[in-house]
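First the structure, then my questions, so here it is.
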Amino acid sequence: MRGKGILRSVLCVAAMLSLGCAAWAALPDGNVRVGVVMPTSGTLAYDGGLTLNGVKMAVDEINAAGGVSGHKVELFIEDSAGVPATAVAAMEKLVGMQKVVAVIGDFGSSGTLAMMDVAKRSQTPLITPISLAPKITELGNIWTFRGCDSSEMIAKSFTKWAVAEKKLDKWAFIGVNTDYGRGSVDAFSKKVKDLGGEVVYTEYFQQGETDYYPIITKLKASSANALCMLGETVDLSRVVSQFHEMGLQEKITIMDPTSGTFNPKFLELAKAKANGIIGASRFVASIKTPKAEKFVADYQKRYNIPPEKYAQAGYDVAHMVAMAVKNADSTDTAKVREALAKIEYEGPQGKAHFDAKNQLQIGEYIIVVKDGKFEIVAGPIMAE
Amino acid sequence: MNLLEARDISVSFGGLKAVEGVDLSVNEGEIMTLIGPNGAGKTTAFNLITGFLAPDRGTVAFRGRDITGLPPHDIAALGLVRTFQKTNIFAETTVEHSIAIGFHTRLKAGLGSIVFGGADARAEGREVRERAREILEFTGLAPWAAHLGKNLPYGKQRMLSIALALAANPALLLLDEPATGLNPVETKELIDIIYRIRDERKITVFLIEHNMNLVISISDRIAVLNYGQKIAEGSPAQVSRDPAVIEAYLGRGFRHAS
Amino acid sequence: MLMVFLQQALNGIILGCIYALIALGLSLIFGILEVANFAHGEFYMLGAFMALFSMSGLGVSFFPALLIAMIGMGIIGALIERAVFRPIVGKPLINSMLLSFGLSTALANLALLLFGADPQKIESGLADYHLRFFGLHLTAERLMVLVVSVALVILLAWFIQSTRTGKAMRAVSQDRVAAQLAGINVSRIYTITFAISGALAAAAGTMVGAMFFVSPEMGFSVVLKCFIIIALGGFGKIRGVIVAAVMIGLAESLGGGFISYAYKDAYPFLLLVLLFMLKPQGLTGGSGR
Amino acid sequence: MLLSVKGLSAHYGRVQALSSVDLDAPEGSIVTLIGANGAGKSTFMMAVSGVLRSISGAIEYDGRRIDGLPSDEIVRLGLSQCPEGRRVWPKMTVLENLEMGAFSVGDASLVRERLERVYSHFPILEQRSAQLAGSLSGGEQQMLAIGRALMSGPRLLMLDEPSLGLAPIVVEHLVEIIREIRNSGTTIILVEQNAFMALGLADTAYVLETGRVALSGKASELLKNDTVRKSYLGV
């Protein structure tokens, strides 16, 4: 048995060498190898861990149901630590040594943007479950997919609702100083101005920052009636508590439109101060569709916390990759990429497909935090 | 003309008058000594003369030119060079190289030509090596030329600090307690070199010293400070007989001991 | 605009007080043992966790937890001095830099393993009380931070200035051999120095844990900032370090508020460069006498 | 015999600084060590004080081995040293320097008494008591260093070049003080460049050359010894 296996792998390698990147007509023996690059250390470790939860749950589901056409999905997980250079090294390792069919990652837009070159050079599909920077799908890199909404899509849906329905016209922005933060602030500012609103204050902070008093103090002195925060769970929970310490909650509506904070950890950290935060999300645990309800129940059972959109994104993206491999009936990365671009998927967040730029098309729910729960107040609103 | 002329120099720290209305003059070609009890203000007077301290009052003139308030390196460039109580040498540099550095601080070739090795700098390099050699011979440090400063015996370290001062080409050399910590044999060598500095190199010498054997034997004139004021001045014989000096500094046992 | 300026200044002073607590300990260690302790930020981090677990595990309230953290880190600091730093006292600085850097990484990773990456908050229960005076805004929690850190700094200054042990610490820092010859047990002074520094770092960590969060990586950036403070304030000068700490706090707060917050970590460095250009002797450096 | 040293060898790194030195200091006597700079005199004192630890041989004090004891315990047993080069704490006041000299003394009234005695030896120190030691002149610092060494109330006092940088009148005074300290029962080991003064004061003398005892004997006899006169007295 063992000898036969080795012989086969030798033949495979020989075949690959002689044919370059040859294609198999059908799925070869062995597991479907999928790479994941996520921050499991550093300031993004918590959020990255949520996405990884979703990925692992999806893979276990797929394997329990017999795998992809009888082949088990095997994950190869690398830590990006939230550092673009580390993410690139991780991706190189996955495509070079592990020979994965596709890579899921990174969390931060900067990491994803950095890995996109590797995807193109190695001709391996890269699908990010979370990175929101509009640039990612604007660069025309056909090997990169975004398995979630972009901040521009959220911006369109959210500002339409906030400016028109809630009459919020003087906006302040606090964003993390990354591609995601700056990209999102630009996208939202533009939409607010297009809709006749005014941007009165914009400031950025470094990831992992603790002290926001200088920003909050300036915010207090500004004429803003809406604060739009763009960042991750831990950073934004500090912003929120310092926002309350300065007593701004009566004067300013606080919003987290990309809902980076809509997760149990945030509720634990911010407690009652989370109440009233308004956001938009393609997914929330209170969506009442059969797919969503099953996902929420399974996730709750498995991890003892309700899922949020990071876990959902990981879950959906892993399913999408498996579906693409199945549709392609091949582990040839070019065929998987083609199949992924044509996918018709339905997950907990609803029906979705990729547009010509590999951007997933889905709708947004408007959500508000109330007594530690996420309530849907509107939606789904489509971007166009 | 007096080579050095300090008039009415005064300085106080906090409320303490460290030096108060002191006149000091040094004639060209003489060996002059400043003595006085510990804390009388001798080193402070040296600091005032060499620009390490600015006087509250009074003037310092060198070769007839007013140098009051000039920074130390400008004063040194005029030819008024000092050594310090604490031996001040380059510990991690060889003796020969230390002296070469001493030259470089005052030579004319610009930094640019030193870095890029211009003709000026090369000519200077030769000159420096020759003159460093000459000073090594003069001070008896030639056998130690290749040793690191920190590895010299204590007496040779003190000699090196004098050699460094000589490299700066002084007209007036101020030595602050050069014999401190030297044994009687080393003290004799020091006396010898001070005479030769004066006689062979035509450098005037002004020193602070407690070793009265040395002071009495080499000084042409002695000035005495006590509590920041000058209490006596004159030849060694005059000063050592002065009752005020015996009372404040020498002690009654002095005549007997020497 | 004036009110914004004053509010930013107040925020900066509070931040500076925290920096002072950490930097003073680091400066004491540097001055007395002549070792650089890059793991000092981890003392601050472990102190914060100790307070957190005292509250969640033992159920004590904030101030007893602060005290427990200080005592606990005092003991751990002393043990670390004996086990890690004692053998390299008197060796070139690079030894302690490398060793403490390793210790810093080891402690941070140990904390990551034991406590997880999740940031957690210490509930002082004071953040919801607000004080408003002359148009300025202060929570009771920040007032507490101000009062406790000023009190600790005064206590430390008094200890070093006036007690027998404090004088012995100064003696060791100025001339170790002379201190030995005077009958001072130098090893004991080293241990005490680490204990005091550990306790101060724990106090700072606990208060930061209340104002912000406790997490395994909280120590790293703070220790670099504190080395800047020590460089600014002059090595081994208590008053200089306090002034420098408050200056850094103000620079971050005012620079962050009025120039750009995204680059606020650059302001301390800029301040350092500026000061070295204008006053090479350091903040409290005299005119040479 | 208050101090008895047998076969003392010491190293600074790889440099052998002392090799097999024997020395005896009878109670109540003044013993002087003379020799060139670097002959090992200061090393000897640092070894006896327990500061220099890489030593071999036996050091017996009052009938008890003290080699290997930490320096603070040695001070507590009654040995005190005024080191070469003053080594006062420059950023502490004169009074603090003196107080720290009595670090091993618990009794506050005893400390006060000794402080009075030091002030009577060196009145200038009393005038300067609130000044920082670093602001004193070199000679004043030397007085402070001697005063500090006396504060622990030693039975054995080791003075390393105490006359360095002192005015002649102070040196004269110092000679009286050393006699007085000896007469009050303290044994003294004295290292001096001023060999005339040292040999004049001491009962016994040891001449060190490159870490070895080259000569020893009664001080009055060494004063007449030709080699000593030529090499160390310069006559």
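In this document, chain identifiers A, B, C and D correspond to the written order of the chains, with residue numbering beginning at 1 in each.
Following the convention adopted for this analysis, a contact is a pair of C-beta atoms (placed from the backbone, for glycine too) under 8 Å apart; a residue touches a chain by one contact, two chains touch by 3 or more.
These numbers come from a predicted model, not from an experiment.
Within the contact network of the assembly, the step distance from subunit A to subunit C comes to 1. Taking the definition of touch as given, a chain qualifies here only if it contacts subunit A and subunit D alike; those chains are C.
If you compare C-D with B-D, the chain pair joined by more contacting C-beta pairs is B-D. Rounded to whole angstrom, the centroid-to-centroid distance between subunit C and subunit D, based on C-alpha atoms, equals 42 Å. Computed from the mean C-alpha positions, the centre of subunit B lies at a distance of 47 Å from the centre of subunit C. In whole angstrom, the spacing between the mean C-alpha positions of subunit B and subunit D is 31. A separation of 77 Å divides the Cα centre of subunit A from that of subunit B. Looking at subunit A, one finds that none of its residues touch two or more other chains. Residue positions 13 of subunit B each touch two or more of the other chains. Of all residues in subunit D, those touching 2 or more other chains are 135, listed in ascending order. Residue ranges on subunit D touching subunit C, taken from their complex, read 46, 49-51, 70-72, 75-76, 80-81, 83, 87-92, 96, 99-101, 103-104, 135, 148-149, 152. Per the touch definition, subunit B reaches subunit D in the complex via residues 13, 35-40, 43, 85, 153-155, 177, 180-188, 210, 212, 248-251, 253-254, 257. Contact residues of subunit A toward subunit C in the complex are 41-43, 45-46, 49, 177, 203-206, 208, 210-211, 213-215, 217-218, 220-221, 234, 238, 241, 245-247, 265, 269. Those residues of subunit C that touch subunit D in the shared complex are 164, 167-168, 170-171, 174-175, 177-187, 289.
Those residues of subunit D whose C-beta lies close enough to touch subunit B in the complex are 36-38, 124, 135-140, 142-143, 161, 164-173, 193, 195-196, 231-235.
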